[in-house]
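This report refers to the structure that appears directly beneath it.
Read from first to last, the chains carry the letters A, B, C and D; within each, the first residue is number 1.
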Amino acid sequence: MINQSIDGFLHPNVSKFVDQIFVNAKQWLISLLSWLPGAPVWVIQVASSLINIFALLFVFLTLFALMSVLERKILGRIQNRYGPNRVGPFGLLQPVADGIKMLIKEDIVPVRADKLVHFLAPILIAAAAILALGIIPYGRNMTPFTIDGGILFFFAVGSTTELAVFMAGWGSNNKFSMLGAMRAIAQMISYELPLIITVLPVVMVVGSLMPDRIVAAQAGYTFGLVPRWFVFTPWGAAAFILFFVSGLVESNRTPFDVPEGESEIVAGHMTEYSGFKYATFFMAEYIGMFAITGLAATLFLGGWHSPFFVLEFIPSYVWFFAKLSALLFVYIWLRGTLPRTRIDQIMNFAWKFILPMSFACLVAAAVWHYAGRGLRGWLWSFVVIAIIYTALSMLLDTRRKFAPRVYRFAE
Amino acid sequence: MSRWIIGHLWLICAVPLAAALAILSLPNSRHKSAATLAVAGQIAALVMSFLAFLPTLQTPGFRVVQNFTWFAFGDNALQLGWLLDPLAAVMLTMITLVGLCIFIFSTGYMAGDKNFVRFFAYLSFFSGAMLGVVISNSLLLLFICWELVGLASYLLIGFWIERPSAAAAAKKAFITTRIGDMGFFVGLLWLYGRSGTLLFYNGGNGCLEGAGLAMVGASATSIALLIFCGAVGKSGQFPLHVWLPDAMEGPTPVSALIHAATMVAAGVFLVARVYPIFSLGAIEGVTSSLTVVVWIGVTTALMAALIAIAQADIKRILAYSTVSQLGLMMVSLGVGGVAAGMMHLLAHGFFKALLFLGAGSVIHGCRGEQDIRRMGGLRRLTPITFSTYAIGMMALSGVPLFFSGGWTKEEILHVTGKWPVSRLPYYLLMIGVVLTALYMTRQIIYVFFGDRRTGSQNAHESPRVMTMPLIVLASCAVLFSIVLTPAWPWLHDYLTDQSAQFEFARLIQPTLFLSLVLVGGGFALGIWMYRKAGIQDRARPAETDPLEFTQPGLFRFLENKMWIDELYVRTVIAFSWTSARFSDWMDRSFWDRLARGLGGIGQLFGIFTAGVDERGINAGIDETTIGTRGLGRLISGAHSGQIQTYLGVIAIGVLALLLFYAWLA
Amino acid sequence: MSSAAAVIIAILMLAAALAAATVQKLMHATLSFALALVGVAALFFLLGAEFVGLVLVFVYIGAVAVLIVFTILLTRRDVGNDRDANWGGALLAVAVFGGLTWAILKTQSVAIVAPHIRTLTVKRIGEALMTGYVWPLQCVGLLLTAALIGALVLVMEEKR
Amino acid sequence: MTLTLQVVLVVSAALFSTGLLAALSRRHAIFILIGIEMMLAAANLNFIAFWRFSPQSQPPVGVMIAIFSIAISAAEAAVGLALVIAVYRHYGTTNVDHLDQLKG
């Protein structure tokens, strides 16, 4: 039922073949193992999961490398300068160079630091980030782990990053790193809530926590043109934006990268790390970004569905990674343009604007659902969103209320 | 007018009482207004009683009664009332007339006294009370007035408070009369108990009328005797007469008014008033109570007469003569001659008041000297007093024909002669008459004849205000005999509710001669014994009495009032003194020790319980509390505040539970 | 049902728990505690209750562990001087463990093999929650708010 | 060895007793809280185990109870830690031995 609308421009079989190429490859690999004499059932399970893991890692590590270079190139472009172009053609081999640099650099550990904690922190963060990738459907039938509460798994693992960040801050036995860790945790905890609440409308509308089910729900096109992605519903749009912003904060990216704000506390909780540990931190950050954006894509942008009916022949995973890179581009774009925000601003923004708005999305989704999910529902939920948005903005409008700026210093 | 008076009898006794209250409110200095008030009160009372007297003349057996309820308790009420009958009417007039004379006399006599106002208040208070006794129709009202009279006599006897003898005499008088009154009160209660009412006449069922009397029945004699005790006390009869001679301590007008005319007469009046009770069930006029009255009367008369002979004080002689005359009256009542007794009472009232006032003016003249042996030769110094006094003496000793005393005495002798029980009283009375004549002549000789002695050196005649009452009383003593002679026995018939007819033939009676002989003998004996009394005689010391000279033993016996006072002192007083000491001793030793003993027991018990309490209960409680505190500390040890120990205990509990199940399974 | 996996996870979990109980440094204890909880969550997964496992991880590691760590931060001064465990407690714990295991092994009714069950989907849990257990859900909601406010008040006191 | 309920129960008992050990033997207040949390986790394990090994009842009662107990223990942990902080701030120590003001 899911894929009957796939027969686009190419011959259906060809497109299907291309689409399922990776899936078949995996099946083929597993069949290789099957002729091993009397292998117990769990061996095959372990093998299949191993294959998935390796595929995942391979894809996202190369993406990470590419991303680091691209980011610097795009930033350069934004700041009207060249990005790294010395290493390899157009600087594309820059990540390799960085990697080698990281490996060669001496790994310094503070003397009275808590060795075990110091050592474990980067590992935990990387693990958490990679685990989060496991549940995102990259293509049709290409979800590494189909867990019933997929979304919940994503957030459960997401929450361990806080602990890891704290371990990093605490392990390095350094006041600044401790402060950085504190800020990071405060920030992440504050935005975890809106992150989850914005996801709620989607889950409620779809009726399931499984990402595949969510993507499947976004198949099809209204009036033949507009794809039934949630982002095109009023509450979906609002939820998407809020989700996107919260995602930014969760991964400590640009406008909200206070924890490792270079100008203030060096690298926040990562100051005491050097060498390969720092590299893992770096990698973990990027992979966290991929995970958040991947989830955003699956939830709001229809996962691996093509935006246009005609372009359906292009394989699903291509669409997925296209959306992914689009969102990543926005990340980098934001980094290049927006100034860093103050920690208290972030907090206020989270508790006073984003949280109420996410509740508003919930209400709007309900209105949309009960108003028949059609045009009328669309209009009604739009009205709700608009009203609440204007009310909130008027309430929080600080321009009129000039007040002397209060500097609060630590007592 | 007289109709109105009968309606308001109580006014007669109320006016003097009101006067008394008014006088009391006056300051001590207002002598003049006090005197006028008292005399005015007395005159008013006299006029009213005279008006009340008139109607009683028209109808024989006249009796008017006004009863009113004093207060009601429960369903029955206590009634009092006023009564007017010949007996009361006569007494009213006599008291008010004599009282008036005495009031006038005392204005002169008491002129110098600083408590003049208080004296007259007491006097009018006394006369009001006396009038109350006379016209009361209820024994209770009579008793009330009787007590007021007693109070008045106490106040008046003890008028000169600063003199201890006067105060003692007043107390003595009051106490002895109270003893008599006790008997009277018991009799009153008994009568009330029996007859159910104390009203004399209450339209048929009063206690003196048929129904009431019938109810009294058997106990009549004992009630009568008890009431008679009151009379004995008040009229100074034999056992209780000791107070009367000592009552002379009071001023002379008091003695005149109270101890001659009115108060002492009250006893006789009382017996006359309740005569029906005395004579209830009389066999030809003789009942046991009446015989008792007779014998008491005779003894009193004889004894008093004998003592009077040996007395030196002028007033004391008169006092004893009063006692003897009252004894005479009691005898006449006892033998049935109520009218004779009452007539003698009235006559006696007049001449005894006269004698006392005479004595008063003599004392006034001799400036307070009372001892007759120091007087003498006053015949020329105080002619008016002497003449009136002589008239009084003659009336008292019963000289027949011209003097009221004589007629009444003859009447009494006549009646006692007819007494069926025994003739002894008749003869004893005759001796009494002789003795009366004897001591009166002795007194006259000592006071008025012979040469002047120390007391009467410069005696002077009393002023007119004192001599006028003497003259009035003297004339009364003489004129009164008009109504007493047997020729026209108006008073006798009036009292016995008969209409009097004039019949000259009855004038001369055999007793007339008998009394003439007796009185003459008395005079002769007196003159013979005391012919030298008045003259200074070297042979005898000045003040010795001829009788003393001749019969010293007898004289001393009589002079000391037959040692009755000492007898009383040694017996009654001694008895009360010893009983008082005994009860004091008992109280101090026996009861005190008993109380202390009981207290001791109580204390003992207290000590015991304290011991038990201390060692037993307290100790027990302390032990338990200490025990519990120890236990508490032990347990609180478990609460060490260590959380882990708590958890450990829980774990142990779980283990125990498991073990228990293991053991069960 | 791979009992082997279960056993391995159980052993890992118990080791982490034991470490949490005995290790000297407080921070290490907390982290091993978190690890132990992950082990428990894994057991839940094995027992087929993925949702509860996830909730466990979410609640305990996401929130409680962080809270504990923060508390340790706030009370850092004397964390170091933790002397060795007193043996009384240990003895008691072992005794209790012995008693419990004895009780478990004793009762035969418990020795049963896991029956085949329908997979517990989040939908079914959702339905159950929203129909049969809606009232307890509200109460827990209320309780949580009250507890948080209480905790805030307790801690905020210093601000005044 | 097949996975029987007894095995799971023994495992949860072990977890419970280690929690008890932590609670009993450690001086630090937070250790006690950790111990308590472990005990609670053991209890949840029991619930789920019994739900898993018992005949299926339509509303998964065991699971429900587990979920609610996790919520409640979270609340309890929050309050407990707040208390520890308050105690620390007031008494300057979190050493349980010294915090015995409630001594009887």
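The rule is short, and it goes like this: contacts are C-beta pairs under 8 Å (C-beta built on N, C-alpha and C of every residue); 3 or more make two chains touch, one makes a residue touch a chain.
Since we're looking at a predicted model, the values are computed, not measured.
Annotation: A-C is the more contact-rich of the chain pairs B-D and A-C, by number of C-beta pairs in contact.
The chain closest to the protein's centre is D, with centres computed as averages of CA atoms.
Chain D has its Cα centroid 117 Å from the Cα centroid of chain B. Look at where the CA atoms of chain A average out and do the same for chain C: the two points lie 29 Å apart. With centres defined as mean CA coordinates, chain B is found 141 Å away from chain A. Once the centre of each chain is set as its mean CA position, chain B and chain C turn out to be 122 Å apart.
Residue positions of chain A touching 2 or more other chains: none. For chain D, the set of residues touching two or more other chains reads 20, 23-25. In chain C, the residues that touch at least two other chains are 51, 55, 63, 88-89, 92-93, 96, 100. Contact topology of the protein chains: irregular, matching none of line, ring, star or complete.
The part of chain C that touches chain B in the complex is made up of residues 88-89, 92-93, 95-96, 99-100, 102-103, 106.
Listed in rising order, the residues of chain C touching chain D in the complex are 1, 3, 6-7, 10, 13-14, 17-18, 20-22, 26, 29-30, 33, 36-37, 40, 43-44, 46-49, 51-52, 55-56, 59-60, 63-64, 67-68, 70-72, 74-75, 78-79, 82-83, 85-90, 92-94, 96-97, 100-101, 104-105, 110-115, 117-118, 120, 124-125, 128-129, 131-133, 136, 140, 143-144, 146-148, 150-152, 154-155, 157-158. Residue ranges of chain A in contact with chain C, taken from their complex: 42, 114, 116-117, 120, 147-149, 152-153, 155-157, 159-160, 162-163, 166-167, 170, 178, 185, 189, 192, 207-209. Those residues of chain D that touch chain C in the complex are listed here as 1-11, 13-28, 30-31, 33-35, 37-38, 41, 44-45, 48-49, 51-53, 55-56, 58-60, 63-64, 66-68, 70-79, 81-86, 88-89, 93-95. Remark: chain B residues 635-644, 647-648, 651 touch chain D in the complex.
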